[in-house]
Amino acid sequence: MILLRPMFWITLLLAALFIYLPLRNNDAAMREDLILVAVAIILVSNLNLMIGYTGYVNFGHIVFYGLGGYVGMYLVTARGWHLPTAALTAGIVVSLCALLFGLGILRLRGAYFALATIGVLVAVNAFVRNVDAFGRSTGMYLSFESYQPLGGAMRALWITYYLIIGVMVLSMLLSLLIKRSKFGLGLFAIREDEDAAIVLGINTTTYKAIIYSLSAFLPAVAGALVFFKNGMIDPDIAFEYMLSLEGIVMLMLGGQGTVLGAALGAALYERLRSYLLTSPKLSNFHLVIAGGLLLVVVLFASGGLIGWLYKFVPRSQKVIE
Amino acid sequence: MLRVRISLLSVLFSLATSMLGQQTISIGFTVSKTGALNVDSLEQYRGFELWRDQTNAAGGIKAGGKSYNIQLVSYDDESNTKRVQQLYTRMILQDKADFLFSPYSSSLTATAAVVTEQYGKVMLTTGAAEEKTYKLGNHYLYQMFAPASQYLTAAVDALKTKDPKAAVAFVYEDASFSNAVVTPAKPYAQQQGFNVVFSEAYAPNTTDFSAIIDKVIASKATVLLGGGHYADGSTLARQLEGHKVPLKMVTLLVAPDSPQWTELGDAGVGVIVPSQWEPQTSFVVQYGPQGADFARAYSARYGTPPSYESAGGYACGLILQRAIEQAGDIDTAKVSAALNATDITTFYGKTKFATDPGSHGLQIGHAMVLAQWQKDKAGKLTKEVVWPLGAKSANLKYPMR
Amino acid sequence: MSGILASMIDGLLVGAVYGLAAMGLSLIWGVMDVINLTHGAMIALGMFGMYLLFSLTALNPYLLLLPLIAIGLVLGIFVYWLSVHWVVGRSQLMSLLSTFSVNMMVIGIGTALWSTSPYNVNFSLKGITFGDYTFTGNHIAAASSALVMALALELFLYRTRPGKAIRAVSDNREAAELMGISSTVVLAIAFGIGIALAIGSGALVSTLFPFTILSGAGYQLKSFVVTVLAGLGKPLGALGAGVALGLLEGAVTPFIAVSWIPLIEFGLFVVVLILFPRGIFARATT
């Protein structure tokens, strides 16, 4: 049972920390910092489902987040929906889109699949730029009164924060659940040797389609929430290719295939990035440092931080996963 | 770490100035030091900087019996909306800026406005002509630039006096500012009896215009209106010349106003720009320096003449200063009320803000002119005001070459 | 001259450069099954390399191509030793990530040095005019240079010993080693040539438009599309596919808004990947 897994409680503890820390002093600045970390954890945890569990590298993962943001913003601005329903609907719509894309590209293997995901990202970006309802290259801006249903801008910012923490918890728990399930075993089999898995009778097509679609759901919900909080969305900010790739760095850094690894890598890298970006001297070096870190991980420690932990403290594998 | 250091510095600075009997007022904004908007944004920043230094040298802003030393807090937004969001949040929450100025460009300003409105801080916008931002129900935004709808309507009026039968093409950046300019300009041109033979927007950051230029040639247009900002505008002008497109008038947004335009050499001659301010314009000044004094001080300091972005930046500071003086306080509500009541002429022209909630902050006092790059008798490139006829310093050259 | 023809010629000229850019990617991919994600950054370095050399020497950029390509070869070998050598043969994910990490570092250093403000190489050759339409000299020179470089590569691969060694390793690495070919050296040289081609295409593009260190990304994406269309390891095929892509762009733009082109290209890319996983022109190989 999942309640017996220590990781379940570690996740809840993490969430409690995220809720308590900024609330203690009503510290909006800390909230802003933590929200970036939470979003990174959401994106990386769901990316882990594809890369870590199934062995399929998704280079265009950010497309789910951006598209979720667009659908959510559209529903709120053009249709006047309430945030929670809009966010949930965005998640469902984007998952269905993922299913559609997946039907096409999931039959590709290895690097071809990776390239195809880039193609999907670029195509969706280009598509959005041509649609009037999405604001074309200008994007969409929230009317300042959209925060009224949530009790004004200040309250709305806090409420969205809590909702995002909720999505973060769901992401980590989803990872944990899948890892411990028969479905997860099937995914690992695909990762190890897809042809053998087929021979063993695993319906790899269905499994891959499900996990690709599932890995889109929570990032899309998060996207709808985050862009609502930010009050605006445009194609550049929604489909940032670099964010997609940095997600891979975060996952490799923390330890792909593990729940905590995804969260740890996301948190550490995000803090590092925030620090570097606001430092006047170092802001341009964040990419150099990120690249250097990734190279080191790939060449010497492909299991990331958690992999390194497992090597030195083998017992930890039972607790940290 | 760094946050502590900056706060410590601010605290020390405030301590120091309050020991001298002076308070500080800090104004936050981002500058596009890097990225596609860097040329225009730097000019705007220089306007802020010159205003700060001249005002501080004269003892700062005097209000309610105290004098306030101006401190500008700025970061590089890299011409990027995401950085603008993060940095404005930071300036409000951590650097505790009292007031905000906008970044440069309508799209970055629209993003900053979301943040400043969320936290209820006053922001004066300059370098941002798009109107939609002021129609979203704001309380604390104030626009210094004349709105986008005025940019090309003036060009159409001027064209009508020269060639009512011209074939007009609109080639413009697909971004908030240029869209806001072209959307009203197109029907206006048609109403004035012009044939709009071609109209297409190009993606921001486009560097290769050959495809769109071939289409312009195929449409047999003789007049081209559009552009966006400096990077794309200057490249478009260069490539239009490279393809030898037979145009009689080219009016581009923003780019030709920069002193850097002379780099284009012959490709830049004859191009017209709708301008928020030119050194040749003169007004009866009720507050602040005269236009000639501003231009002189700017050239002396920076070695180039001021563009209208710089004038807008300086005027932005002036108007805030006056509002604080009128309010006698730096409290947001009081200054906001003073800004709402502003109706004054500075070297920059008349400044008055709309106060109805549906379009709060929209600029309703300022008017625009058209300027054209011409070769004087010595062959040197100069920028002349050619429209409206009452304000001109030279005749509009049509055809342009 | 009609608008459509002019547009297609412009497309052809630009397509030749796409093809040249893709050749480097295709060669590396075909020889060592590594997808070089530094490709875009190298193209951008080529742009800046030309900018620097041109600012220093004010020589004709088309002459400056030669030293730049030589530098590219050396740089490519260095990058090979830094990141690729250790991951050749391991999973494709590893080589993707290792080359990607080098890409990030190059972009980071480039941004620190040159920021993201646009740069120009101000050099214009006289164009050729047909009726209403003018084709700029720079475009024509770039396309011609691309063609020359492609032919040079083909000659190298088919008429010289090192070239044949490269083809041998790409066909069957173990067999080549059994024949006494040092595959490591060959791979390093092949990678170096791939990078040199990227640098060369960047240098050519620098005379056409303003650029930043991020400008290579667009060309990298186009290179993927072209490589996938042509099939791996067929450099001359990559040139042909690049020209075809350019022609397609030129043929389509007179009829639709330019903003739809990226969507069409990437839609095409994904469709081709799905239907022809080994490239449209690939021959059946073992």
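Chains here go by letter, A, B and C, matching the order in which they are written, and residues are numbered from 1 within each.
The rule is short, and it goes like this: a contact is a pair of C-beta atoms (placed from the backbone, for glycine too) under 8 Å apart; a residue touches a chain by one contact, two chains touch by 3 or more.
Computed from a prediction, not measured in an experiment: that's the story for all the values here.
Asks: If you tally contacting C-beta pairs for every chain pair, which pair wins?
Replies: The largest set of C-beta contacts joins the chains A-C.
Asks: Looking at CA centres, what chain is most distant from subunit C?
Replies: Most distant chain from subunit C: B.
Asks: How many Å are there between the centre of subunit A and the centre of subunit C, using C-alpha atoms for each centre?
Replies: Computed value for the inter-centroid distance: 32 Å.
Asks: Roughly how far is subunit A from subunit B, going centre to centre by Cα mean, in whole Å?
Replies: Whole-Å distance between the two chain centres: 38.
Asks: What are the residue numbers in subunit C that touch two or more other chains?
Replies: Only 111, 115, 257, 259 qualify.
Asks: For subunit B, write out the residues touching at least two other chains, lowest number first.
Replies: Residues 174, 201, 203 of subunit B each touch two or more of the other chains.
Asks: In subunit A, what residues contact two or more other chains?
Replies: Counting only residues that touch two or more other chains, subunit A contributes 129, 136-137.
Asks: Could you please specify the touching residues of subunit B with respect to subunit A in the complex?
Replies: Touch list, subunit B to subunit A: 1-2, 75-76, 80-83, 85-86, 89-90, 93-94, 107, 110-111, 114-115, 117-120, 132-133, 136-139, 174-176, 179, 201, 203-204.
Asks: Sort out for me which residues of subunit C touch subunit A in the complex.
Replies: That would be residues 35, 82-83, 86-87, 92-94, 96-98, 100-109, 111-112, 115, 217, 221, 224, 228, 257, 259-260, 262-263, 266-267, 269-271, 273-274, 277 of subunit C.
Asks: Please name which positions on subunit A make contact with subunit B in the complex.
Replies: Of all residues in subunit A, those touching subunit B are 28-29, 32, 129, 136-138, 141-145, 147, 153-154, 157, 230-232, 234, 236-237, 240, 275, 277-279, 283.
Asks: With touch defined as at the start, can you tell me which subunit A residues reach subunit C in the complex?
Replies: Against subunit C, subunit A makes touches at 51, 55, 57, 104-105, 107-108, 110-112, 114-116, 118-120, 122-123, 125-127, 129-130, 136-137, 241, 245, 248-249, 252, 284-295, 298-299, 302.
Asks: Give the list of subunit C residues in touch with subunit B in this complex.
Replies: Interface residues on the subunit C side: 2-3, 6-7, 10-11, 14, 111, 115-118, 124, 127, 129, 132-134, 136, 139, 208-211, 215, 249-250, 253-254, 257-259.
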